[in-house]
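Here the chain labels run A, B and C in written order, and each chain numbers its own residues starting at 1.
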Amino acid sequence: MGVFGEPMALRYLIWLLEGFAVTLLLSAAVSVAATGLGIAVCGLKLSGRRPLVILADTYVSIIRNTPLLVQLFFWYFGASALMPSGLMTWLNTPHVLDAVLVSLHWPAFETIAGFFGLTLYAGAYIAEEFRAGINGVDPAQRESAMALGLRPALVFWLVVLPQAVRIAWLPVVGQYLNTIKNTSLTMAIGLAELSYASRQVETETFLTFQAFGIATILYVAAVAVTEAAGHAVARSGRFAWATQRP
Amino acid sequence: MNFSVISDNLDYLLVGAWPNGPVGGLALTLVLSALSAVASGLVGLVLGIGLAMSAGWPKRLLVVVLGFFRAIPVIMLIFWTYFLLPILFGFSVPEIGTVVVALSLIGGAYLSYAVAAGIESIAAGQWEAGFALGLGRWRVLRLIVLPQALHAMAPSFVNQWTSLVKDTSLAYVIGVPELSFVAAQVNNRAMVYPTEVFLFVGVVYWCLCVSLDRFATALANRRGAAAEGAG
Amino acid sequence: MRRLFLLLIASFLASGAAHADRLDDIKQAGVLRVAAFDSNPPFGFVDPDSKQIVGLDVDYAKVLADKLGVKLELRPTNPANRIPLLTSGKVDLVLANFTITEERAKQLDFSIPYFSSGQQFLAKKGTLTSPDQLNGLRIGADKGTTNEIVLRRDFPKAVVVAFDDTPFAFTALRNGNVQAITQDGPKLVGLLANVPDRENYEIPPFTISDDYIGVGIPKGEKRLADVVNETLLELEASGKAAAIYDAWFGPNTKQPLPRLFKIGDKK
């Protein structure tokens, strides 16, 4: 009681849990996509071709040196004003993608913009973590593998990459944790994730403490569980074997 | 594209309602960033030393507290410090204080790990040399270990400060008139130029963060060169 | 007469109770802290020339501060922050197109209404003519408003997308992300008056609720509430309330609307 008021009705708890589900799904989708993007951008940086390197550097610099909130505002409010109205109409019309087994509902534009903005953001950070991982591999190892007569591509795949992944793994997990927290900013563009849901519950019930308290606990739990899982993978036999130093 | 919306509101974006009202816009972003940078640096240094020098349950407690501040989204912490602390404990932190407190707790939690790692990276021989000179544990830390460790931590501090500059934009949620908030106001008044407004704001933040980064790198290089020259 | 006498006794007893209440705090500090909108013309918005928050709500706030003989200090707010600002003691009053509801009245006290309006919609011309169409549309609303709650309750099939403030919702409408936005009618009229391509939009002539707008006052601050109510009634009696209305909604303004509601019409 007191400042916390009476316990909130089940209906509002369900709103919060729905918001949490959106947060988790969005974080997972963004983490997967951003990992792919990060690897690709890291590849561009290591390609040695000047235009590609400049492209990758520009992207990373723009994303890392501007606030995510401003980026999300830009993608949702700014960029959609630039798109042809036909495309916007198409993006906003509900489509059902019928695959053989699953039929996916076309997400709302908030979700598309949020996913896009968060993926671009996390991708820039993950690219840098991978690059740091590759740079962190002792050059002597590459040289000794070359001395054994292995081709450079093979040396990269067999010697450099496994160790780079091991070095980069925990920092990349750190970016996944940041992604979970960063999804909270998408409430500013109307995406109904956990922070949005907590404000909505607050609007209807005025149970400010409960709404924000539950949301905070769910965020902390999601981050803690993901972090623990990341560390467990890092310690697991398979990961250690795959990345063992020769 | 029509950038007259920027030029018409340039003074508001840069300094807010000043001199006829409180300082806002870019100037307030700079003030918030500077205060948070100093406060997070101090928090990080103190807690990082605590983390490196403690053991047993005090250390575990510290790890849990730091874990909480690393896990909570900045927006949530700003809400807590702004709206909920006054009701819960009866004391009220002014808006700017709220942002600085929230950002320096989170920034400090990240920095403390960098500080602890920096201290732990110093070879045991350095400690032993200090003890051999008859110095106590804290004096060895202060005179021998920290000066070397700080050099190793410098990049973490610069990274964290760049994050701080960006995170000041979240003061938007409680109506602190920093750059992002006044930009939203200008956007709301003009209504049809969101692309121009947010593009401009992005460019300003980019300049700010990149120059901070360049400046810190230049400073570190000069220090490094000076140290090498002296050695 | 008897009621007046009782009121006098009551206020005497209340003031006699020695503890300092918010009214005393305000007078002692010499400052009245008021939360007002900063992006919702003509209720509260930043004037491009003076860089100060001005508007109809602000004019009322100024009168209240003058009445108390203290300085006015405005805090910008969006709809969602109004109640937290008041309950956490960050402001003394909220004057921000604040709709009186029973639910809210459990958290805070309201003055008598000083403005009335109804919940309406803004859409691209020709897309919305009757409330029946609302179910099935994507509709932009403001977080923390009664509009959001009413829409969700009465039109469960409408998809509500909530934004931080009305102009953000309007941008989403303009970009095609939502098909209509909802707010109190006068606020939409004020918004549309400032849109450069206003000929493409319309406010369909139907309302889905009647709203009364009051001053938000911290719970239990009886003396402060009395001063606010007295001042509002004086404003109506002296004709100043009509003058404030005319300054923002009169025939020569950007958003002319006839004044149908007078302070004191409804308690």
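One rule holds in what follows: contacts are C-beta pairs under 8 Å (C-beta built on N, C-alpha and C of every residue); 3 or more make two chains touch, one makes a residue touch a chain.
Small disclaimer: the values here were computed from a predicted structure and weren't measured.
Asks: Chain contact topology under the given definition, line, ring, star, complete or other?
Replies: The chain contacts form a complete graph, every chain touching every other.
Asks: Max contacts between which two chains?
Replies: If you count contacting C-beta pairs, the leading pair is A-B.
Asks: Roughly how many whole angstrom separate the Cα centroids of subunit B and subunit C?
Replies: Centres of subunit B and subunit C (C-alpha means) sit 37 Å apart.
Asks: If you average the CA atoms of subunit A and of subunit C, how far apart do the two points sit, in angstrom?
Replies: Taking the average C-alpha coordinate of subunit A and of subunit C, the gap between them is 40 Å.
Asks: Return the distance between the CA-based centres of subunit A and subunit B, expressed in whole Å.
Replies: Centre separation, subunit A to subunit B: 22 Å.
Asks: For subunit A, jot down the residues that touch at least 2 other chains.
Replies: 77, 81, 188, 208
Asks: So which stretches of subunit C touch two or more other chains?
Replies: Within subunit C, the residues that touch at least two other chains are 84, 87, 164, 168, 171, 174.
Asks: Please list all residues of subunit B that touch 2 or more other chains.
Replies: Counting only residues that touch two or more other chains, subunit B contributes 83-84, 87, 184, 187, 194.
Asks: Quick check on the complex: what are the subunit B residues that touch subunit A?
Replies: For subunit B paired with subunit A, touching residues are 67-68, 70-76, 79-80, 83-84, 87-88, 162, 166-167, 169-170, 172, 180, 183-184, 187, 194-199, 201-202, 205-206, 208-210, 213.
Asks: Which residues, counting only subunit C, touch subunit B once they are in their complex?
Replies: Per the stated touch rule, the residues are 38-39, 41, 45-46, 48, 50-52, 75-78, 81, 84-85, 87-90, 164-168, 170-171, 174, 191, 194-197.
Asks: Which part of subunit A faces subunit C closely enough to touch in the complex?
Replies: Residues of subunit A touching subunit C: 76-77, 80-81, 85, 88-89, 92, 108-110, 188-190, 196, 199-200, 202-204, 206, 208.
Asks: Using the touch definition from the top, list the residues of subunit B that touch subunit C in their complex.
Replies: 8-9, 12, 16-17, 20-21, 82-84, 86-87, 92, 174-175, 177, 181, 184-185, 187-189, 191-192, 194
Asks: Under the stated contact criterion, what part of subunit A meets subunit B in this complex?
Replies: Touch residues, subunit A against subunit B: 3, 61-62, 64-71, 73-74, 77-79, 81-82, 177, 181-182, 184-185, 187-188, 195, 208-209, 212, 215-216, 219-220, 223-224, 227.
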